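Before any comments, here is the structure.
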Amino acid sequence: MSPVNSIADLRDIARRRLPLALFEYIDRGSYDEHTLTRNRADFDALLLRQRVMTDVSRLSLETTVLGERCSMPIGIAPTGLTGLFHRDGEIRAARAAHAAGVPFCLSTMSICSIEDVRAATSGTFWFQLYFMRDRTFTEALMSRAHAAGCPVLVLTLDLPLQALRRRDPKNGLAVPPRLTLKGMRDFILHPRWLVDVMFGKRRTFGNLATFFPRHGTAAISEWMGKQLDNTLTWNDVAWLRDRWPGKLVLKGILDADDARAAAATGVDGIIVSNHGGRQLDGATSTIAALPRVVDATAGRCEVLLDGGIHCGQSVLKGLALGARACMIGRSYLYGLAALGERGVALSLEILRREFEVSMALTGVCDVRNVDRRVLVH
Amino acid sequence: MSPVNSIADLRDIARRRLPLALFEYIDRGSYDEHTLTRNRADFDALLLRQRVMTDVSRLSLETTVLGERCSMPIGIAPTGLTGLFHRDGEIRAARAAHAAGVPFCLSTMSICSIEDVRAATSGTFWFQLYFMRDRTFTEALMSRAHAAGCPVLVLTLDLPLQALRRRDPKNGLAVPPRLTLKGMRDFILHPRWLVDVMFGKRRTFGNLATFFPRHGTAAISEWMGKQLDNTLTWNDVAWLRDRWPGKLVLKGILDADDARAAAATGVDGIIVSNHGGRQLDGATSTIAALPRVVDATAGRCEVLLDGGIHCGQSVLKGLALGARACMIGRSYLYGLAALGERGVALSLEILRREFEVSMALTGVCDVRNVDRRVLVH
Amino acid sequence: MSPVNSIADLRDIARRRLPLALFEYIDRGSYDEHTLTRNRADFDALLLRQRVMTDVSRLSLETTVLGERCSMPIGIAPTGLTGLFHRDGEIRAARAAHAAGVPFCLSTMSICSIEDVRAATSGTFWFQLYFMRDRTFTEALMSRAHAAGCPVLVLTLDLPLQALRRRDPKNGLAVPPRLTLKGMRDFILHPRWLVDVMFGKRRTFGNLATFFPRHGTAAISEWMGKQLDNTLTWNDVAWLRDRWPGKLVLKGILDADDARAAAATGVDGIIVSNHGGRQLDGATSTIAALPRVVDATAGRCEVLLDGGIHCGQSVLKGLALGARACMIGRSYLYGLAALGERGVALSLEILRREFEVSMALTGVCDVRNVDRRVLVH
Amino acid sequence: MSPVNSIADLRDIARRRLPLALFEYIDRGSYDEHTLTRNRADFDALLLRQRVMTDVSRLSLETTVLGERCSMPIGIAPTGLTGLFHRDGEIRAARAAHAAGVPFCLSTMSICSIEDVRAATSGTFWFQLYFMRDRTFTEALMSRAHAAGCPVLVLTLDLPLQALRRRDPKNGLAVPPRLTLKGMRDFILHPRWLVDVMFGKRRTFGNLATFFPRHGTAAISEWMGKQLDNTLTWNDVAWLRDRWPGKLVLKGILDADDARAAAATGVDGIIVSNHGGRQLDGATSTIAALPRVVDATAGRCEVLLDGGIHCGQSVLKGLALGARACMIGRSYLYGLAALGERGVALSLEILRREFEVSMALTGVCDVRNVDRRVLVH
């Protein structure tokens, strides 16, 4: 096998190893994918400032994110269905993140449950929450996350309703799922995945399954769609803020006015995100939105960035424009689907090295000193 | 069959179901198609402003257009030859529009006549008029539309002469039509269309056929070309204004000075249009022209937009820049040619859902509150 | 055969009818062809202003260029080797131009001589001159043009030395020419061309052959390269101005300072040109240069435009920015190579119709009233 | 064989003649190659100002660079592994450069040693130095260069650590090298290269081999990677300045602040470079950086440009923006790999002619008079 030395390489392997429906669930975006495309293109359009004659023998990538030490300013974003891309996907990803010294955030829509991940890993992890119509259920999830020692709760705001990823219904990933002949062929052509994931013990949403022990993945997914609370306002954030004892982070903010409102609720962090180009098509890229959000928060909370991070250079650009750290979704999922835990580790290592080299060549030795001066205006 | 969930999907089916000459009559534009391309590209370049924490549980898409209630700010634009794309095409489209609660506008160049559509449908419809050299004929059309209860007359201004859609003569859609071997093969390869449309009872221009009972489609088309009145000035609009008792709308305005002149004639509405990129190649896109037209009319009449509406996001952008509603041509014709009445309904449903999701994700609950604030500047 | 309704159609036919070496001599540009590409792209980027409700029943395209009446503001630019693309190419082109009522300009590097064209045609024509090191020869050419009744002499300025059209040597169009196996196959595969042109009576530079009766085309071409006078300054224009009794036009000006200098010499016209993207690669497009040249001349002489005119819309844009008329090279050569005299006529007719439609749809009835107001800014 | 008349032609031949690993080592850049792409694209976006009526019969391309006379403002940049692309590659290139009257700069990472090149050539050459952790070794290299009569020492600054050229490990050019089946096939398919280079006598780094007589190329390369001194600051330049008696040039400066610091150390020249798009991906292009560097140095030292020079037009643009001369890497390596010494000569001749034609057509006769006035703003 050819050496794997980029996220694009991991994506190529993942494409071969996964049934099409699952690969495209990771890979694609909503509607015409303009926002998905912009998330990357706007990063690529930024120019870095090459500097020389700085002693770069001692580079430090260490930082703190939401009070926790990280070996580098990269974290693993919450992603749904992760356990379908590799057996015990969330556990493998969490272990790789811990080993690499970076935060891992578990999704409400995970296959492995909070308790599964807690039991199988040693470090702490964050938990991402969807606010449900059923507040009892919402509170139960928070209690379980608290019991598992999660220091950070990430509330996702940009999914009051589900936008359409057009490929999903075409691939039979609709609710209810329809297994077409083409679909069956796809699955049969992926024996590694069949044995590893489908014949493994977990095939349902772990965090929800305790409520629905006899239901399959599809039925719960449908129920979840109906459960998404589309009446939320900033008062509900206050309600949550009162009940969650740890750090609270709001994910899905792209607008300066929203950022001001978020900061005013006293949250600890904001994740600038457009759900990876999977919700509002036509939304601005996250890197374009970042400076406005950073200005609006005026230092009242940490600002993280999510979306379009496909190389370490992008991490540097995100930090230059004010992000405390960058969260990766697709970039680690390609690694997980390609090579399991080792693939996640590899994706983190690739980004780390790219980031490190870019820091050195822009003449910055300590990640905490990265600012706009590494960019060419 | 793969689920149909975009206008592009309907276009793909239409391409397979129609003889090439008819598909390209719908699909293509004039000359080098720069304006056709810009109509879409300029929409796609606009950025939407993602907002969060708005209660979007009660979304209202209802509005009024020219005094009539509509379930959403989308209407069906007048299109020629529609009955050639599906048997009784205009009737099917009108029915689907009525069922969806949106306006349908019948073209002078329709296959089904005003009376056909009136007899076969329950709701009202608009009528589009070409001003003819023969004023008697023009007045007769107006009388028939009035007798059929059409509340709105749409006068098309941007066709004083016909620009060239280069594909049409190549496909044998010239006057007189020449059925080449390639053309014959195309038609034979489309048995559904042959049986449905060609062996159906209507194959001529319904609104004109009463005047030319023994002529075929081609001969009337040629006569129509000669009948286009290229001497029209604003005085003729005044003449029409005096004679038409209902609402009067001018279609084909792209320029601020023309918009001012139009508003001064006391018309009820303007449709910003470049004839779908089928007339002046090099003309600006409709979405680029819209703000100038809206400013120029200063609220004296309603402004609608036509051209480039291939997704619900475009509808939102059109409204953001001041359109009261957006008219669709190709988007519904693909549906009609693909699946008949059901296809028109599907095209409207796809656009409605895309529009609705985009409204919610930009934090607007009532379509009447959409304004420039949903755009990123 | 499919109806021919664009210059691109004529180009397609020409490509099939000509040996590759000759087709690419027409079609391609110098070096990386950036300027060739820009000549068209900069036209296409300009936006036309669609206007309505103007009486366009009486359109007038007639104008005068350098004091001569023309049926439309289009002329045929001087092009080298024209008689190699069709038997008696220059004569056929001149006849088509006369029939269409537009100026034809014969090149120094023509296959048919001044006297050939004079004898075979009825109207007047212009003559293009390369200033030679051998002034006797230069004067002789002027005398012959004068004797033939040419009202206008066009002096080409932008060829003090020859830039490289990279395809020419590859196709064996170098000096001396090398007929490779591939080249031979190309020629044999074009029997129409072989019989029509090669077995016809003219195969050498007519205007030069009287001086070199026993030399072939290649040897004269080489001699010509050495004859190009690269010492020319504005004083030489004055020298010419004194000796030429008719109108004098300078071709190849792209710069405002040069335009001022040209106007100061008292010439009658300037042709804004970059030799069709065949000389300085990296030079600005002609349409981008035009406004600066027009401003600099301040009405002291007529300004024509040459380069990138592939459709009638471009003619309108050229006039909008101050050109008196537009000269076409490739556009008519495709027609000549494709269909001979009929092809030249067709190319002129296509451009005329495209120009006429565009004028009408921008609301201008008389070509003499075209100005910047037909453009959107 | 088709006539070779562009650098792209030489590249095509080199691609066929070299094993893929070596061709891509020359051809490709680091990471996503954004900077590699920009190096060319930013040149191509600049517009040249076509001028006429200047006597261009006596063009002078001669200039001085760092006090040495050159026949034109082009030099051969230091490139690693050059002797692997053609037997005795550095010697062939140096000879071709001398014959053409332009500077040749030998790389520390050359296959032929300083002494090899000295012995086999007649003119002087420059030497490029990597500052090593082992100062004794650094000083030894300087002494050898001095002993060989090198008038100019070029210190490379932009490689404190090695960025990743992703293709290299995939092609087995990693350390240690792995000869895959695909790799073996590639090599076997290039018998000319096998006989010429591999069975020739030199297959190791000549300048380093005297220190490591028994080591192969791979092991030394690995050692070199560790030897790159990443603690360097401007003080080290001062240290070097004191010890090197000839001209000192700093290569790899792209930033105005760095340029000011460089000029303050009293160096004789700066080479604006981003290591050919092989180090910091996302760095600005060299032509975009040039004006800022020129301004910052304020004439205190000469400024050369390196990166993206693929045609003579680029040389003119570089000089227009203040470069004293332009250095070529890939452009000459394609020639060397394609045709050996004759290929290097050809690459220089192609660039010379393109530059000369461009100078003439912008109306400049003496290279020393080129300035911003040849550009269109």
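Every chain is named by a letter (A, B, C and D) in the order it is written, and numbering of its residues begins at 1.
Here, contacts are C-beta pairs under 8 Å (C-beta built on N, C-alpha and C of every residue); 3 or more make two chains touch, one makes a residue touch a chain.
All values derive from a computational prediction rather than experimental measurement.
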Message: Interface check for copies subunit C and subunit D. Shared numbers divided by all numbers used: above half gives same, below half gives different; which is it?
response: different
Query: Using each chain's Cα centroid, which is most distant from the centroid of subunit A?
result: C
Rotation in the CA alignment of subunit B with subunit C, degrees, nearest 5: 90
Distance from the mean Cα position of subunit D to that of subunit C, given in whole angstrom: 43
- line: subunit B to subunit D, mean C-alpha position gap in Å, rounds to 60
Task: Please set out, as single numbers or ranges, the residues of subunit C touching at least two other chains.
output: none
- prompt: If you go through all the chains, which pairs of them touch?
  reply: A-B, A-D, B-C, C-D
Message: List the residues on subunit D that touch subunit C in their complex, please.
response: 2-3, 5-6, 44, 46-57, 311, 313, 317, 353-354, 357-358, 360-362, 376
- line: Per the touch rule, the subunit C residues reaching subunit D in their complex are 31-32, 34, 157-158, 160-161, 163-164, 166, 169-170, 174, 230-234, 236-237, 252-255, 257-258, 261, 274, 279-284
